[in-house]
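Structure record follows, encoded as structure tokens.
Labels run A, B, C and D following the written order; every chain starts at residue 1.
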Amino acid sequence: MIGRLTRPPHPVLFALLYEPPMARAHKDVLPYLLPIDAAHVVMLAERGLLAGAAAAAILGVNQELGDRLERGDDVLDVPAVHRGVYFVYEREYITRLGDTIGGAAHLARSRNDINAAIARMRLRERLAALLDRLAGLVDAMASRAEAHRQTTMSGFTHMQPAQPTTLGHYFAGVTFELLRSIELLDRAYDTANRSPMGAAAGFGTSFPIDRRRVAELLGFAGVIDNSIDAVSSRDFAAHVLHALAMLGITLTRLATDLQTWSSVAYGFIGWSDDFVSTSSIMPHKRNAFVLEDIRGHAAQPLGALVATMTGMKNVPFANSVEVSAEATSHLWPALDATATACELTALLVANLEVHPQRAREFAAASDTCMTAVTDALVAEHGLAFRTAHEIVGRAIREGAGVAPEPLHVRIERGLAEATGATRAVAGRVLVQALDPDACVRAAEHGGGPGPDSVRAQLDAIAARLDALRDRSRERRRDLLSSTERRRAAAAGIGRAAARRADRDVPNSV
Amino acid sequence: MIGRLTRPPHPVLFALLYEPPMARAHKDVLPYLLPIDAAHVVMLAERGLLAGAAAAAILGVNQELGDRLERGDDVLDVPAVHRGVYFVYEREYITRLGDTIGGAAHLARSRNDINAAIARMRLRERLAALLDRLAGLVDAMASRAEAHRQTTMSGFTHMQPAQPTTLGHYFAGVTFELLRSIELLDRAYDTANRSPMGAAAGFGTSFPIDRRRVAELLGFAGVIDNSIDAVSSRDFAAHVLHALAMLGITLTRLATDLQTWSSVAYGFIGWSDDFVSTSSIMPHKRNAFVLEDIRGHAAQPLGALVATMTGMKNVPFANSVEVSAEATSHLWPALDATATACELTALLVANLEVHPQRAREFAAASDTCMTAVTDALVAEHGLAFRTAHEIVGRAIREGAGVAPEPLHVRIERGLAEATGATRAVAGRVLVQALDPDACVRAAEHGGGPGPDSVRAQLDAIAARLDALRDRSRERRRDLLSSTERRRAAAAGIGRAAARRADRDVPNSV
Amino acid sequence: MIGRLTRPPHPVLFALLYEPPMARAHKDVLPYLLPIDAAHVVMLAERGLLAGAAAAAILGVNQELGDRLERGDDVLDVPAVHRGVYFVYEREYITRLGDTIGGAAHLARSRNDINAAIARMRLRERLAALLDRLAGLVDAMASRAEAHRQTTMSGFTHMQPAQPTTLGHYFAGVTFELLRSIELLDRAYDTANRSPMGAAAGFGTSFPIDRRRVAELLGFAGVIDNSIDAVSSRDFAAHVLHALAMLGITLTRLATDLQTWSSVAYGFIGWSDDFVSTSSIMPHKRNAFVLEDIRGHAAQPLGALVATMTGMKNVPFANSVEVSAEATSHLWPALDATATACELTALLVANLEVHPQRAREFAAASDTCMTAVTDALVAEHGLAFRTAHEIVGRAIREGAGVAPEPLHVRIERGLAEATGATRAVAGRVLVQALDPDACVRAAEHGGGPGPDSVRAQLDAIAARLDALRDRSRERRRDLLSSTERRRAAAAGIGRAAARRADRDVPNSV
Amino acid sequence: MIGRLTRPPHPVLFALLYEPPMARAHKDVLPYLLPIDAAHVVMLAERGLLAGAAAAAILGVNQELGDRLERGDDVLDVPAVHRGVYFVYEREYITRLGDTIGGAAHLARSRNDINAAIARMRLRERLAALLDRLAGLVDAMASRAEAHRQTTMSGFTHMQPAQPTTLGHYFAGVTFELLRSIELLDRAYDTANRSPMGAAAGFGTSFPIDRRRVAELLGFAGVIDNSIDAVSSRDFAAHVLHALAMLGITLTRLATDLQTWSSVAYGFIGWSDDFVSTSSIMPHKRNAFVLEDIRGHAAQPLGALVATMTGMKNVPFANSVEVSAEATSHLWPALDATATACELTALLVANLEVHPQRAREFAAASDTCMTAVTDALVAEHGLAFRTAHEIVGRAIREGAGVAPEPLHVRIERGLAEATGATRAVAGRVLVQALDPDACVRAAEHGGGPGPDSVRAQLDAIAARLDALRDRSRERRRDLLSSTERRRAAAAGIGRAAARRADRDVPNSV
């Protein structure tokens, strides 16, 4: 029995709501509950709110359970009927240490702040891993962009050939959108990485605790100011999911382009047999089906975001299972799906086979240089851009038939009509303008595909990637040092208790 | 190697995309693939497209695998590297029966139509179970409505006391919205329950197959007319998810009301200790937290619906993993979440403790009868409704102070001012109007809480529930008889093959 | 002042919440409020709940306002400050007819049931128009499918060439998915088309009204059984939005295929200059940008669905602005967006230019007939399908180099290895199998592109389209006859009142 | 005719896709297009890419159009048929200045980068206004929190009374969640505030433009590195919508609590008559309906976010109407809805009437001090928390009957059983523990409601609000100075051209 309740949970409730979390407790709860408990007990002892000996005893069991958990052991002895993971966990201490010591730790705390802390620590761990993987994706994109800085291809707008660009320029462009989502995720880490401990049930405590110390011992970057906020809010889950969702949308756009360009009709790119599938019925098939799996996984976080936000809507701003357990539950599969989508994308990007000749030929054959021709008319003949655009547009229109006149003839006629003067469109200029590679080389301005331009873009990407990795390293260091600090403090409390125990036994040998 | 491919999947692909489905194959794929294969082979044999002996051999292995699967055995021998569940499954036959027979079944079919058929059969099974559970929920709601037809309480609008109603009337109202979603789900079953087999890769076949026969042997209600539609579309997943989502929204509304009314400030209802939780820190707590779990689970299908529809957006109308595997993947957890939400709701509704006295007192004390007073002025004194409404509104306003005059005095004054004549507001009429129970008894019109009115509503609910259960029974019968038909046909082919084999061995003893 | 309130709305509230609905009242409210009021008053008079003369006077004003509204007049005299459209409307009657008659109609009704009725009638009208437009879209699709039953093209899976099909077969396939959404919408019409009148504030009434009569006079197909349901539920808005959302998703898939096939790299289809745009900078551009507008509009209802369902989540099951006004507000722009997307799609489909030669050549050049070759090996040489598939797959692999051997040589070698016997692959068979047109003609089974098969599909589509149009006609008839019935009843009441007035004036000349 | 096109848009296209944007052009396009054009022309002139005289002429027209637009004039002469706003705008210049000058500005630019710049500038303006309004909301919340720092009320978890808190503590808690969303929005401003100009169609340009100068002249904080990114990406729309959506969710939680506490059963708070509505049928009604409007508006951005992200899904990473026009279209109504929800919330919060006595009485009567009693047993009697919790829980259980023993008797019995010793529970301690005000005063730790604790929270809020307002001021300054810089540069070019013109006319009088 707990508190005023006289009956255990109804069997159906137990089966649906108590057993599933318990089944996942060793993976999802204990790795965080154990350090939280230790940090809290250390702080209580340091503040004189818990006797040193009691604290030492509790920390001893905590350490032992932690060691066994790390070895993969089942550390909780789960009774047939119970009231949830926390009570089973606390019972472990009471069984070993007796009521007086085993039940003493739950001072100035509640499952409410503990659950909030668990969610934040679990998320922190998962985010750190994902951010590393995302850095890998950016790396893969940037290195392919580097490799294909000179791989001329048609750029597209509205799926129609537009102007010459390079595959490297394209990859750099997509990478910038990815980076913005990743940086948002990086910031969401900081929002999540604050300690709710001390909020207790949501109304703080009259015990003179030191919540900053607990935060420090758990590697949090700070505390949450207000105790109602600490237990009621899980907005960080939405922030993370949004960043994942937007990241996923970018991946769908990238995958769509890769699928188009690897389709037989385009044939600019492809993959070797270990990245494609065939058909059980159509023997000629080589399907880049992985791109569809990427898009499918990448679309999942948007659904999770909706479930999470809808799950928070119209919920009292107070501790509520609806928010603390239900709404955040969508976070974890979305993190998994994103990790898979990123890993698959990085793999396909890194192993891309490019057919530069085909890409270049398509660019040359699809009028993608007509803007360069127009620009040349402006630059060489001083035409207004709109006039030049009209002349070239008409020349293209007149070139549609079976045996059209040469382009320069058509342009010269337009030029004559527009300016009243007969001028020759210099062969060299036209040849230059009609060469996709030359167009690309010239497009050095406005963030275009020119080699120096893309070089500068890749430098910018590299700098932002470095910053991400620096922050990642720093965070890992912070977490490590908080673990060490926690262990040292616990050990200190243990040693002090042992000394006191020695002193208390005067005739000991 | 399969077809033109010379290499197995890359290890990362294998780990991320091939292993997970294989791990679930015995539960999610084989229970449907085995009957699909059997039905297809029976049809091929009946149409003379597969030799009887080969068909019999294949059906024999099929039967054996099915029997073992039912016993819970692992029936597939999964190689270290492979190209997916289907090829591993087919390999099983080739290993046992040789290339010529073991590889003969894949005629006029493809993984594309097979996967579509698996999704539909799996959904069918899950939907049937859910529909039964939903019938149970409606039953629980209706029976509580019946039990509380006379339990007077305040009705609310905008969370403020409105007019007297009964708990039974309220439950009936919610049940109607639930029923509309359930009936939509019931209809979605029919949309899903059509056979895609014969569509092959999406372009039909030149072999003169009989797809209606296959449909019949699998218990489908018909075939899908167009083969591209058959492999490309999974709209039924969206239809199902929409019905689940809307159902879930209704459950959140119900749970919100139940939580409000069970809060200490209202106290109309409650639950015994086996349905509530307490707090680890606040010993007085009795939390109806299950309602929050219900709302959390109930909000999930909306997220799944978004993920599914977004997953289908801008996908070519053709077979695509993005739609066939990814977009439908959100269906299964949403079905689970809905099942949990429904079971919890039915449990709480069935075990509701009602405090009728508190509910009635609140109704009496909160001016909920003032509309009845207004109506009485209209009926008894021939006032225009708006005039009566103004008189009563003003009387309430004037009753706000410390020691107000009696209500009838205030009303009579208003009446005098409005009509110019002094009239007594008859005591009996006012007493009657101010009695919430009497108000309820009188509200027999317009679908109100009057006992006959609610009686009629419950009859309507019962009729629709009966219709749902009839359809459910019918479907189960259809499935059972299709299984029998399939087995009989397979047995017939086996016997014919055995007879032929006997004939072909003239000198057998 | 209304009722107990002593002050008008705060100016900010007035500006944000009262003025915008009033600005739209003549378009969104009055066309429905006027008939609702008339029907209610007719019923009250028929039931003896309102004196004939009063009813006649009210109906006279109602008729006049209706006539003026139809002419486009502003019929409400809106005071500088008010409490919403309904009260301004009622005031019109009170001003003209005095308190006693002008304020008499609001008996046994409330803004709650009236608002529900307005929403349903407004939706009904919009849905009817949309369903007609959707019938037009289906018609356009079906007629293009008919026109291109023989237009051979490559079918695709995973964006790679798969097997030969026809443009007609493709259009038919998409049409089936469209039809399923349209039929769901058609059913949603029926769900919406039930009368909430009589529910009053949500608790019915003690006045012996006849709500079926009101329903009949408004053209509703029936009444809503329970009064709480009548005012609290707007699930029909979600049902409609779901059907629009799914319909939109199908349109995005169609538009994606059309954009791919009209891209320069494919070139199967296109549009004349009045359906494409060019670029302000790239003179060669011809962009089928309308397809992107279609997809954009088609994606909107999903957002509206989320807003609507989220808007209903955790709202008490009672009358609430959050549901009745806010959540349904997303319906109307979504209906507009869908109408636009459909009209644009129908236009592009109807004006599609097809380049059959290019489509056919691509099919022939992209190995799409290799399944037919495989089938031929099965049919002609009795191979197991898997064996034939392997032989063809390998032959394709071996055909990849610079100067490969002829296909039949490669196949014959595979055949020899597989069967141990040397067999010639008959030229005629291979030629036939490699002809995309012949493949299409043969694919008569399983819903494939064969001419008879598509014929049957188009017949099925036509039958369902006819059924939709029949229902549409029937509904329009029902609405018309309800209008006539309402007018006739009002006129009858007017005449009776006039007769009574005559009788009551004995000495009139 | 434009470019190669020979026909105007089809009338249906024109009506659906060309006319609506034109109708909004004076409000949504021209206020941004005019400065963009001016900045671009200034830069072209400064870089020698456009002759000074031509630039001066263009800038003159630009200035005039801008002046007239500011006065509310229609500045475009819209022909009956056209190809969109931009071409109509350019035509204005050509008409006035002739082909040679009027058509000269469109060098090294495209509608693609211009449209991106318009969207960013328009958003920037709207965001700045919204951020100011949000600062006002935070201010209103903080000032009410300040005012109610000592207003004791029951805190809740799971809608049941939990521990004493204050209304000020609650408001502070909600404000922190609001601030996090607002700060995200503030950051989204910076993401959006970068210039895409120079990207042209998405592929940069060979003309040696200075895009940083254009950015500076338009008040952008920098440029977008990559030209494909510049025209293809609208991720900032999703980032903004996410922040709005999360902000909205917080508002729904706040409004839900306010509605609960203002419901008759709670009665902690309320509003005067100008903030509530009554009923057309129920004369006693006072409905805080505005809270439902707030929740409805606040839920809209989530739908818009879904529409926007879904709208971007699977779109080629290239300029596309689907992203640039369609997906961003959901942004504007969501900004409106958020502005309304915020203004209404600030209004209701600022005008809240609080009933402190009722709130305090409820807290005292609902066992909210039982945790304090438990804490006192720990502090005074050295019990383990769990033991104390059990003792109090049982005492509450035993206090349920009709005439229970006094609380201290029940506790002392539990104490005796747990410790084996008889101890008196000191009257003073118990009285203190049972006083909600004392509980609140003591809860100074862990972010609780103690006065110093809330003081510190409000200081933190004030500091963050100041930072937001500083950034807002700074941005406004930046925009102003960019406008001045642009005008000065234009004027300089005008003067230089005039000087040159003077010099060029040697014999002028």
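Methods note: a residue touches a chain if its C-beta (ideal position, glycine included) is under 8 Å from a C-beta of that chain, and two chains touch if they have at least 3 such contacts.
Just so it is clear, the structure is predicted and the values come from calculations on it, not from any experiment.
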Chain whose average C-alpha position is farthest from subunit B's own: D
Interface with more contacting C-beta pairs, comparing A-B to A-D: A-D
Centre-to-centre distance between subunit B and subunit A (centres being mean Cα positions), rounded to whole Å: 34
Centroid distance [mean C-alpha coordinates] between subunit C and subunit A, Å: 38
Intercentroid distance (Cα basis), subunit D paired with subunit A, Å: 24
Where subunit B touches two or more other chains, by residue: 2-6, 90, 106, 112, 157-159, 162-163, 200-201, 256, 260, 278-286, 289, 292, 295, 299, 302, 305-306, 309-310, 313-315, 320-321, 371, 389-390, 392-393, 396
Contact footprint of subunit B on subunit A as seen in their complex: 2-10, 12-13, 16-17, 83-84, 86-87, 90, 106, 109-112, 200-201, 256, 272-286, 289-290, 292-293, 295-297, 299-300, 302-308, 310-311, 314-315, 320-322, 325-327, 329-330, 340, 343-344, 347, 351
Complex contact set, residues of subunit C against subunit A: 157-163, 259-260, 262-266, 278-289, 292, 306, 309-310, 313-315, 362, 366-368, 370-371, 374, 389-390, 392-393, 396
Residue numbers on subunit B that touch subunit C, as the complex places them: 2-6, 90, 94, 99-108, 112-113, 155-159, 162-165, 169-170, 172-174, 176-177, 180-181, 184, 187, 191, 197-209, 211, 223-233, 235, 238-239, 242, 245-246, 249-250, 252-257, 260, 295, 299, 302, 305-306, 309-310, 312-321, 371-372, 375, 378-379, 384-387, 389-390, 392-394, 396-397, 418, 439, 442-450, 453, 456-457, 460
